[in-house]
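Supplied in structure tokens, the structure appears directly below.
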């Protein structure tokens, strides 16, 4: 089902447009992420970073262009001469390969920690409950939340909630993980914990990652490539070392100066 | 009315206790801030930093001890043998010397920018409306918000709102300004703007400042003294240079490592 | 369920249905079932329930007539006054047994049987009748406030003679109005008021009943059983059964007297529902020679 | 007065049936109202115009016309067109439609106040629409809507008193009969009032328990104090103050 | 059955003037009642916030009692007790007091929905209590309550038929009276329903507009 030939990028944006009313957020955007690569998106507020992740997760509809996952058109396709939305049924097949962690965690408050994690493996992937629980426990171990298995989610601190949210996304065994400022709603001291968890995941798996973060230090350590966005365009693209120490584009310099504290 | 002799500290905490139910947040805390000094409080989440500012502003009631402003007992006093709360009337007199800027700005949404600023000068200090407006315009100029004078507050971005909030606090001509993580609800790139405004105020006035911030760079530049808090106690106290480059206490080292990114 | 209800209804439901076929079946159906369901308002002494038993003057009269038609059982459905006519038209019951006054507007909606009760009017007044009310002329122009039941004939009288009227929803509210002093008197049919005054322990009394004279015309009012307009066969059968009783005052009294009716309420010979439906009271007065 | 009490005692056996009728209408109407509210509540949220349009029309129609007029039509007019329902069925249908229309606004408001992030997280976990609603959204909205629904339930109970108009012998009928027998308005209304009050009280109590359970599922459960459990009115939810509309009375005599 | 008579346009027109007159009474009652409800409701909500249990406990009892007692009974009781008060005054006052108990909840929710930070900012600016209420809290709280107010106005509007019990001829009673005289209930009551709809639907659109604007 999955096309895993190394040549096919895990994610590809082809001429992607996105408008909200008159506001053109993405205008003919092209980029791709090879299998297993970790790409960080940086850029000023409002530049469209979140929008990219949301389009990938089909939380927003495209205004134009194509998004391909493992070479499959995912959201829209040309059929004959026309743009046709891919039916929800086929989207759901592809969507299983993509997981997302949100800035605001978005745990389900009506379920315990464990129930949050096993809900979709059981009801979407059709895993047996016992298997799902076993997997969930392994993941909770990994994110250091084993003892909180049966807690209600609002008994947890922000950092703990975010770790559960990461475990929940991983429980779906995604090939691609989208992370949108996953630490920016957290207390500064707790941020480190969550980043540690992500660092470990980056080291121990080969999941393709697309992440938006303001933690430049973390981006530097973890990512293979950094894309600088502004006004819906990639203005600069480089490996993290180059990007942070020797940016070429003015906009990037300005941005990094502001964020890293000048 | 105000005791401005240089020897009397602007703020003094004497054996201050604060409990929320069983949770002892501050336990016999003692510290003072001389007139015109800028003091930054740092410390992990939950250590009681906000509580200190809120006690000063009488947003919380003391559980024990005394707070003095310019040597005046402000919230409670011994009368005869007993603890007695200072009557609201006297509190209000002292409170005029203290201003506070909140993390969440807390502008009044039912008033314009200008109305927010002149409300208290007119109705509390009894300034004439014309004077208050003139002062407000000067302050708006200072924080770079002159054109937004007649805007509704919810037409402003976070950074703009925070600048108005600062102007609003300054319009009361406080001797003491309390700032609680005033940039942490802002977009990273906008933070710099607000810090610039504060930097200017620090440079051009001699207001006593007590601030909580995670912007270590800013704290370093602006403050005369840094207090490291943990579990409701001051664990270390130093000038910023020493504190950030050469902390002595283990807890401080650990904390700074986590926050500054190690 | 609703579909059961639909098939139960004998009406085909098509608009413009002439209703012939149906009227045949209503009487036949009732005779077959041996039972008729009448709508009633629950007012003493006309038709009401006592100890769970349906009784009253019009009910007992009906029992006799329906019995002769081979319908032995009379059951009732109690509804608000305003729901009596819509109810019979909606087939919620087969007839209305409430001594309902024959009025031209009502004749447009339903079919009245021949009159069975003559109506007189009386006032319910505080004990001792402090205002000395005796007949309609005594209240006309007196400036007193008169309670009347919404939709009752007396409401119409008050309207025509500019008596200051206060409309109450039911008898009890009329009683309350007098007791509380919100009204000086309450006008209703004599029979009802007598029953009401007897029931209550409040300090009120009913005046002597009279035939109201409004603008010089004496108000002849009569009540009768009500049927659907389409049910002509049932109507005719009822009228046929009623005729001998109306022809024999003693027979009428035998049924009605136990409920407090007297010869004064016996319908005069020659008075028909049709005449009352015409509504020309002067003509009726003349024809029957009942001028005051 | 002692006569009145004797009348009351005589009629006590009939009260059982009357309460039963009132309860049948209230519970039946409430169940139907919940079903209608959920259908219309979600219907009013959909993007598709031909679902949203009719949903809104139905809601506005049944909210906009008086309950008494609806009862009248269902009971006295529809049979003329050959569509006849039992009185109890008419009462349940009318109460269900009327209060269902109101409750649909509560449902709509509660669904809207479940954070958007919950829908998105559920999409990210690849749930179907129905799965999202059943397992994630509704359980959260439910806790928000119970207090408002409890208010509506009391209103529905009060509204059911109109059933007398369509020949049902409910508690109101019983009260009216008592009034007729005693010829004493204060006495009889007070008796009826107490009966309604007790029923309302028990219903509120039940709803408080439901709310407590729903909240506990969301981990917001506080052990209810006795005063809360037995208190008269359900706590209302400030988050819904704007959206859900008041627990508006639907009635009219 | 004579189906021609199910709907008679002539009757429908004939009843209209009566109904419109009743409608004007209905609207007067609603407006006057709503004024009482919104003012009294605010006072109840404010009084419930005082720390004095001596005030709040009995007040809460009275409010709960009124809320849970049928409107009809309240109308009749007051009407029979205060015999010197004209019926229509009893009508809008009782309507107003009844709905004030509901409105107080709306205000309470509206006040509680004002973020705590607003109180704290007012304290930090050293505003006096009264000024804080007047200049900061109430303007925001009342904005929040406008849709609730609108919804209760609609619902009060549709409860005015209960006034028939105290002899106030509002629209429903006008329709009933016409029906009782002519037994053309279908026309009369259907027109009543349509008139209710004609008033309450635009109002509800307006309220919805407010909800969206305030959201």
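Order as written gives the chain letters A, B, C, D and E; numbering starts at 1 within each chain.
We take it that a contact is a pair of C-beta atoms (placed from the backbone, for glycine too) under 8 Å apart; a residue touches a chain by one contact, two chains touch by 3 or more.
Everything quoted here is computed from the prediction, not taken from an experiment.
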Shortest path length from chain B to chain C (each step joins two touching chains): 2
If a chain touches chain A and chain D alike, it appears here: none
Reference chain C; chain at largest CA-centroid distance: B
Pair of chains joined by the greatest number of C-beta pairs in contact: D-E
Chain centre separation (chain B, chain D; CA means) in Å: 51
Separation of chain C from chain E, taking each centre as the mean of its C-alpha atoms, in whole Å: 38
Separation of chain B from chain E, taking each centre as the mean of its C-alpha atoms, in whole Å: 47
Of all residues in chain E, the ones touching two or more other chains: 1, 3, 6, 76, 80, 164-165, 185-186
Set of chain D residues in contact with two or more other chains: 72, 76-77, 80, 185
Interface hub residues of chain C, defined as touching at least two other chains: 11, 86, 89, 173, 176
Interchain pairs in contact, sorted by label: A-B, A-D, B-E, C-D, C-E, D-E
Of all residues in chain E, those that touch chain B in their complex: 115, 117-118, 120-121, 123-128, 131, 135-136, 139-140, 143
Residues of chain B that touch chain E when the two form their complex: 54, 57-59, 92, 95-96, 98-100, 102, 104, 106-111, 119-120, 123-124, 168-169, 172
Touching residues on chain C, where the partner in the complex is chain E: 11, 14-17, 19, 22, 81-82, 85-86, 89, 103, 105-106, 108-110, 150-152, 155-156, 166-169, 173, 176-177, 180-182, 228-230
In the complex, chain D residues that touch chain A: 115, 117-118, 120-128, 131, 135-136, 139-140, 217-220
Residue ranges of chain E in contact with chain C within the complex: 1-6, 76, 79-80, 83, 87, 164-165, 167, 169, 173, 176-177, 179-186
